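Reading through the structure tokens given below for one structure.
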């Protein structure tokens, strides 16, 4: 037995890697469908958007790249669906250099397909990508058309019907940033102080803890923390709008809710490993103390 | 269902080659890693040229030189960076670096005090008068902020009281680190889910015709 | 279409006073009177960069339920009124950001009831207008709402410069032990003994982040130690400007130690600009070359754990350092020592013991002490029911 | 020619002064470091002033601070070539000396030239680097989609494995601090996912209890993240901000100048 624990304490990490691979791959092939409990920051974000009025303008900023797409894509999709259902008008932009635009285009195309009534330029507009995130944000605070002279199709921003009456961020009711790194934080530390616009952030799980400080200080309205936050948002959305269920139950497409199955299994596996590691550690320590005595 | 296109096969091969690094270093990984280093650098050549230099430097100068004549200067400063390869006058590259660094550091300076120190302090000023759960939570918060700050005192030898407070600060730090670690596992698993989704849903299933 | 609406508006405007003057009964009932907004002013918006005029007013009592406030503007001497905005009641202010500096404007404000005929009986009836004094926008010299932040900045600069002055005058300054920095020499020494290299990664950020600047300062000290011991140094870089700085710093360190012969250009090398391509290449380098000591100091992002776990698996002594809290948990879990937060910035003072640097660390401590005292005073005041203490520190 | 005050000042400070400095520096070596530091003081003061002085010439949309921002984005663009030169030097050397693993240097250079070539072609031809006018991806986009992005995402996803191995090794209750770390991590991991529900799957009668316990755990997680974690983060942020601001001051004033390769008193 002591030999077993000895081996566990110094376990080759490749066994752990194998375990991780198996426990994440299995639920993709065989889904479980576990329930999701919602948390305060996500509910705050959801209710804030719910309280907006028809015709209000929301800015959705794609501040992430393909590497965090499994986390951020479902957030952007969920918020856009909510805007479409509530008839909020949304302005899309991308400030992340490495593929933010491609992701924005994908998500917009997907939502266009789901809501055929949406009119480009009237109900939403895709302004495309602009380099120099912080400077662009500050510029948008003063003049959106100045920061983005044309939309993604090359149409002058000032001629787009939606942008009539939307000169700068002061006429926008909310910024939602799906973000992987610093850019999301700049919305809070630079744009929010500049124009006082409410900000909701959808950060990757890793940066989420940092934003609690901003939630506490009131600089942030709400937050969708990582894939769990996205899954929570999906479940809030499905509860409020049953007509959305069809987007969240197809077998081929990926949703954050499905991702949570793999998450749960792997979290369980890691916790069991922690338990095993500690039991082994104490057994071994006792054994070596005995040996010394 | 169409069989996956050649691009999917390339991506699948590179994905698996990278994953083999977990087992051990091997020629497939080394191939993928070298290719990645080259492709990524080439990628940024394309990105920087098309998304930074063309729209910010060349296009404005070509379209309206009168308004943008001053952009000659950053172009020249950019060239100065390469002067380090000229042995005698390598020192002129310092100008470019000094301007770049101090501008952003200046920007950072006010951002730290204006955007971080003051708002975070404002947040820690909480009334602790009533006896309820909210006050207890506020007290925990206040203790946390100030004990961590005490831990960061460098120039004063710790007395018995400050030593205890700073120990408390370390405990708060440990809670925070543990919590943040646990919180992050999710995000990382999400990435792996993304890759395995690709391998299973976009490559294996279509190849097998499922 | 718009012309027709305008004409009918005009007709209404003309008709309204007549309707009031006529005795009731002979004509259809008079429309409910629409009140005019009160205390309307138009002034330059204070504390901005110009091109904006601030309009303020008070909603009059007895507004129709669906009324809007209509704002128009004219440029004297011309008397053509152009619509600027229509806002909901209850706001009481509007900023006209379409104004241009150097122009003089007059603004007119009036209440417009609903445009549809069925809600109040009259289609788009408007109340009497109130016209402002002429106003012009200009840029200003100070943002008053940032007074608190300016005071803080000035105070901070004063404290730091004062402490540096005191330190320069020769006062001895104590600095507490920082374990990660004590281990630095030991790690380099061990690398020299077993003939393996020392790897120093100055983060993934460019020189626009101050953590990179701090890391380069520490790198200077590490390079001096490797020059002294004769250990091999390897500094792979992600950012080209950090790379340029790092090379200068290492070269200067070898020169300062009198060992320019040991300095090789390849010690500080560039890998690639992509975060993960960099990570893959450097991790692979760790596995292949098995450095004895690895320093991960600077601003790291998600790559932190891949680098540190790989470094751990090759058995290197690892010292990490980062001021931003996001990656600290991973460094704490995988590295032997971690410089946490402010420790990163105190490091160069600790390593060099230069009075100027020690003085500024002392200044930071004084600033912290003041913050703690202010915080506690604020909490006491807030607990005794003084409102708005925290607002003194909120910035805009 | 736009000769706004702010713009002309920028050109004088950051072009004329360096040019004069260059010629002076040829004769007086001491000025080779002093004038760059002097210029740096101004570059550092501009953004600080623009924070409080909203005058057009400094903080307006084309004022000194935003304009300098635009300048430096361009400067940073030039810097990439600095790195590329170094990569070429290092790999060419490996290839010419037939150092161990030199074929991989060939792979690297092919990747660099092909991808970079597509990017340059896209820029010069006006085709761009995204989707071409006919809706097909440009060659650059093709390489991005099927080479660059899968590689990037896969290396990123290695973190899932490393999280597990790091947690297993590091989270052991060796002492008080390590125990706190372990307990906090374990609690949060439990609270973040419907783990109790998963464990209750085989026993249906326990499921409601598991759900409510899970809800409670979720609340606890939220509290830990918000209160003790939020407090520690705020403490780190405040301390680090003071350290950063003090360092910034030293850099702007030219006291700290290791980043220029200048030691004390050089």
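A, B, C and D label the chains in the order they appear, each numbered from 1.
As a working rule, a residue touches a chain if its C-beta (ideal position, glycine included) is under 8 Å from a C-beta of that chain, and two chains touch if they have at least 3 such contacts.
The model shown is predicted, which means the values in this text are computed figures rather than measured ones.
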| item | value |
| --- | --- |
| Any chain that touches chain D and chain A | B, C |
| Winner on C-beta contact pairs when C-D is weighed against A-B | C-D |
| Chain centre separation (chain A, chain B; CA means) in Å | 17 |
| Where chain B and chain D are represented by their mean Cα positions, the distance between them in whole Å | 4 |
| Whole-Å gap between the CA centroids of chain A and chain C | 22 |
| Shared interface positions of chain B, touching two or more other chains | 18, 21-22, 30, 32-34, 36-41, 43-44, 47, 52, 56, 81, 97, 100-101, 104-105, 108-110, 113-117, 119-124, 141-142, 145-146, 149, 152, 173, 176-181, 183-186, 188-189, 191-192, 194 |
| Touching two or more other chains - residue numbers and ranges from chain C | 146, 149, 153, 156, 207-208, 210, 213, 241, 244-245, 247-248, 271-274, 276-277, 280, 302, 325-326, 328, 330, 332-333, 340-342, 346, 361, 364, 368, 371, 395 |
| For chain D, residues contacting two or more additional chains | 48, 51, 61, 69-70, 72-73, 76, 79-84, 87, 144, 148-149, 151-153, 155-156, 158-161, 163, 165, 167, 169, 171, 181-182, 185-186, 189, 192-193, 225, 229-230, 232-234, 236-239, 242, 244-245, 247-249, 251, 259-261 |
| Category of the chain touch graph - line, ring, star, complete, other | complete |
| Chain A-facing residues of chain D, complex | 61, 66, 69-70, 73, 130, 144, 149, 152-153, 156, 160-161, 163-165, 167-169, 171-174, 182, 185-186, 189-190, 192-195, 197-199, 201, 211, 214-215, 218, 221-222, 225-226, 229-230, 233-234, 237 |
| Of chain A, residues touching chain D in the complex | 11, 13, 16-17, 19-21, 24, 32, 34-37, 39-41, 65-69, 98-99, 101-102, 131-132, 134-135, 138-139, 142-143, 146, 208-210, 212-213, 215-216, 228, 260, 263-271, 273-274, 277-278, 281-282 |
| In the complex, chain A residues that touch chain C | 13, 67, 142-143, 165, 167-168, 170, 181, 193, 196, 206-207, 209-210 |
| Residue numbers on chain C that touch chain D, as the complex places them | 47-50, 101, 139-143, 146, 149-150, 153, 156-157, 160-161, 164, 206-208, 210-211, 213-214, 216-217, 219-220, 237, 239-241, 243-245, 247-249, 251-253, 256, 266, 269-274, 276-277, 279-280, 302, 305-306, 308-309, 312, 323-325, 328, 330, 332-334, 340-342, 344-346, 348, 354, 356-357, 360-361, 363-364, 367-368, 371 |
| Chain B - residues contacting chain A, complex | 22-23, 47, 51-52, 55-56, 111, 114-116, 119-120, 122-123, 141, 176, 179-180, 183-194, 196-197, 200-201 |
